[in-house]
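You will see subunit A twice below: alongside subunit B first, and alongside subunit C after that.
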Partner chain A sequence: MDILIYGTINSVTLALYAIGFAMVYGVSRLPNFAHGALYVVSGFITWSFLNSLGLNYLLSIILALIATAIIGALIYQFVLIRVRGMEISEIIASYAIGLAILEGFRWGGFKGLTYTLPAFIEGSVEIAGVSVDYQRLLVVGIGAAVVGLLWLFTRYTRIGLAMRGMAQDERAALMLGIDSDLIAVVAMGFGSMLAGLAAVLLLPLGNIVVEAGYNILILAIAVCIVGGLGSWMGAVLAAFLIGFAQILTVVYLGAHYQMVVALLAIILTLILRPSGLFGQQKELEERV
Partner chain B sequence: MENNTQRRKERIDRGIKVRTDGIYALMSIRELSYLLLPRLVLILGMLALPLLVPGMYWQRVITITCIYALLALSFDFLAHYVGLVSLGGAFFVGVGGYMAAIMNTTFGLPPWLTVPLAALAGGGICTLLLLPCLPLRGVYFAIVSLMYPLFVARLIEALNILGGTDGITGIDGFSNRWAEQYFIIGILLLLLFGVRRLVNTDIGLVLRGVKDNDQAIRASGMNVTLYKAMAVYIASVMGCLGGACLAHIYMWSGISQFALDFSILPIAATVIGGGGTLIGPVLGCLILVPISELLREFGTLRIVFYALILVAFIIFRSEGIMVYGQRKYQQFERWTRI
Partner chain C sequence: MLEATGLMVFYENMLALNNISIRCGVNQIIGVFGANSAGKSTLMYTLSGIMQDIQKKEAMAGGERITLMGEVRYMGEDISGLKPSQRARKGIVLCPERRRIFNESSVLENLKIGGYLASSSEARNTLEYVFKIFPPLARLKKRIGGFLSGGEQQMLAIGRALMAQPKILLLDEPLMGLSPLMQAELILATKGICEEMKLSVIITEQYARPVLPIVDYAYILENGSAVMEGSKQELMDNPDVRSAYFGIEESYE
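Showing the complex of A and B:
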């Protein structure tokens, strides 16, 4: 039973990590290697609004999310847009930005003190004999809500539809009058905000550390590759696959092997089904 | 300048450049020296470097620079001649370092044997591990190569294998510091000119084809994955060679060999020095590594520094120093009326 419950929590966590990355890649074919950095940035901004400025917790979360979205959009608008389409430069530039942010934090931000965010609601509840704290339940609830809202957003709003249009065929989208640069900036903003959302939801469960930035980038990428790069729903399903696989490994083999799961999942996916479980990119599946 | 709209810059190859393209280069001393001078400056400069710098500390810096230059060379070769962006130079270094360490401490092989063996075997391991993402286009290679060093470092830490966080100690050093320096400088020069040659041979042509149009290569009846694997092997042998030398220089091999420095600095050096020139990355390392030594007291701020330089160069000066230099050397510019 605890496998089921903790598996679900872990899976939703992974889905939250990955969905922002999947969104940015899906819309503008940009592998955002700064994703993990944005996660840490968002946690840090929330912390400083809360503790340095003394704002209300909810308010500081909302402000931090907006700030992260703006940072993401600015990174795209001023750096990444200039190298768009040049694959080598795209990868290097986004990786370098992420690295600069994370290592900058390591140098200046995180020394001595442990940085923690308080839980939204303290306490825990027993579900079928397993004790689960409210924060984790909240993670599952909000995670599910985010996935649902994203589904509705991409189907029933103009911007969401434009994003899907660009994801499917950028040239056709351009012909229909969709401003591809603008939509890409918006998508990057949304993707950053989703990374930030994951941060504020999950950081109360642990400390804010720089290492998290790299771990989350890796996990997000693993989930996206298994689910098919660019497929949002694929990412969610892959999150469940990897999430349960990780919990099963922890229970039966030991916690050390948990991180091997993600790597193994990537390698198996690349060998067996390169486009991922639900990838629609035939171009990538096609082996050269 | 209003006039700018009426005029444009015209670039024309210098006469001497055209004359030195073929066998005519042998006709006069002037043409010969035009060809040989840059190469001689590089070779003699590299050879003289250990004699010119003051003290043992800076000689050690030169050695480290050469190791970074090997990595940058391997990055440049993969990225600009095969189209595979490797974000994990540290993986090559780490594998090479640990291989050399194990061979030296467990089997008792001397350094002059462990370095080539570790390079060849380590290259094989790296290629094998990277093989799953080679049949695919796109960002997969970058992603997987980024993940390996992080994973392996954490795996060693968590499972406490290969010496755990302490690393493997008690590795033999080189017999003396001059041998150490000239060995590495020699290897660097050899590989530099070797790779320059390689990319102009038939295989190099095929590799560039893999980058530009893999379908054409496939249509010619050649196995794209095989060629990519070959290129990755060559590049990872260079990286592992650097790693093996590093293990012997520090007489220690540990998880810090999987550190980000080894991944990001070669990339920064390549972008600054000029991608695709092969000499450029070496020059970039000669500039960046000493600067990074001067900045040693700032700790991880150095990585921030490289990363920002990298972004700035990619956006504003994506051609790099060497491409600029080559253009000035081989062409002259003048304004012409449109």
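Showing the complex of A and C:
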């Protein structure tokens, strides 16, 4: 039973880490290696609003999410747009931005145990004999809601449908009047906000530390590669696969091996099925 | 309505369009015929602005050097500098060669994505209209785009383009790979759309025969140059055209 409960929590956590990354890659084919940095940024912004400006917690969170979305959109509009379509340059540029942000925080002295966010609701509840705190329940609930809302968003709204079109065939989308530059910015803003949402949900369970930015990037990439790059539903399923694998490893081998699962998953997927479990290998279009 | 003058397109040093000028009036159907590699798709891309987008992306990635010259005017306005999304907003919508259906989306979703520019009432009305002229699409609403037959995909591609509320519909080789029966059906549908939705059509094909009956005026491209143009009757009467472009369907593709 513990395995089921902790596995679910861990899986939803991974899905939250990865879903923004998966979305940006899916829509714009942009591997956003600043994803982990945006996660940390959102945590520190929330902390600052809460502690330096003394705002109410919910308001701090909302403002931080908006700010993170704007930062993501600006990173795209001023830097990444220039290297659009060249994946290696996109990786280098976004990783460099991520490094600058994270190391900037470290340099600025944002480290140590002082930087924590309070849980939304203190306390815990017993489920089938396992004690689960409310924050983790919220993570699962909100995580599930995010996946559901995102699904609805991409199927029933104009912008969401445009994203789906662009993800499948950007040129065809252009012909239908979809402005790919605009949609790419919006997707990046959304993806950053999702990184921020993961942060405000999960950081209350620990400290805000710079290293989280690196770990989350690795986990997000692991999930997306296993799920098939570009398929965010695949990423959600992969999150469950890796999530449960990690918990099983922790139970039977020890916590030390948890990260190895993700790394092994990346390597095995790349060797055995490079397009991921659920990704379709795009056929090369023949030119006649 | 749409008037292009002196269009030149170079892929590196290869001349793909050589000083092409074409015009399309209100509610007209214009044909552009030419063999494989004549430059038909290049022309359609240039009119719809896709060529400018390809040029921009190639330049950014340090790929192919593409040079564009000439002017495209739409309703008297020079639109040569507009992005494809801006041209589509003005009513110039391309239904591309090989259809480019969104393969993972259902028929209905393909159409909804096509309705990006439409208001919700326009989208509703056009959807109804598309299902009326292409009944198979209504039946296959939930079918995934990638699983449709060629004919169904072509109907979907045209329907999806109509959802974008075009005033000029650019059809690039819509008959490619279709049976003669399906070809005839689509050509009839195209004529109907042009009349009922009050729009103009520019249609390209390798062979003129299936299309010529519905065109008002046509151009013939050879290696990027317009070697001939004229009204339907003029082209039909021309012996050179007859031999070269009334090819037999069996040899098609």
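Assorted remarks:
In this section, the second predicted complex is superposed on the first by the 277 of 288 C-alpha atoms of A that agree within 3 Å, B and C clash if a C-alpha of one lies under 4 Å from a C-alpha of the other, contacts with A are read in each partner's own complex, and residues count from 1 in each chain.
Just so it is clear, a contact is a pair of C-beta atoms (placed from the backbone, for glycine too) under 8 Å apart; a residue touches a chain by one contact, two chains touch by 3 or more.
It should be emphasised that the depicted structure is a prediction, and the values quoted were computed from it without experimental measurement.
Once the two complexes are laid over each other on the shared chain, residue contacts for A:A96 go to subunit B alone; subunit C is not touched. In the superposed model, A:L161 makes contact with subunit C only, not with subunit B. Applying the stated contact rule after C-alpha superposition, one finds that A:L263 touches subunit B and leaves subunit C untouched.
Shared-chain residue A:I178: touches subunit C; no touch with subunit B.
Residue contacts after overlaying the shared chain place A:W107 against subunit B, while subunit C stays out of touching range. Of the two partner chains, subunit B and subunit C are each touched by A:R82. By the touch criterion defined above, A:I271 reaches subunit B but does not reach subunit C.
Taking subunit A as the reference, the larger set of touched residues comes from B, when subunit B and subunit C are compared. In the superposition on chain A, contact is made by A:Y214 with subunit B only, not with subunit C.
Judged by the document's definition of touching, subunit A residues 82-83, 288 lie at the interface with subunit B and also at the interface with subunit C. On the side of subunit C, the complex with subunit A involves touching residues 36, 48-50, 53, 57, 60-61, 83-85, 88-89, 93-96, 98, 100-105, 109, 112-114, 116-117, 160-161, 163-164. Residue ranges of subunit A in contact with subunit B, taken from their complex: 31, 33, 79, 82-83, 87-89, 91-93, 95-97, 99-100, 103-104, 106-108, 214, 218, 221-222, 225, 229, 256, 259-260, 263, 266-267, 270-271, 274, 283-284, 287-288. On the subunit A side of its complex with subunit C, the touching residues are 82-86, 155, 158, 161-162, 164-165, 168-169, 171-180, 182, 280, 285, 288.
Considering their complex, residues 79-80, 83, 85, 87, 132-133, 135-140, 142-144, 146-147, 150-151, 154-155, 158-159, 214-215, 218, 224-225, 260, 264, 267-268, 271, 275, 298-301, 303-304, 306-308, 310-311, 314-315, 318 of subunit B touch subunit A.
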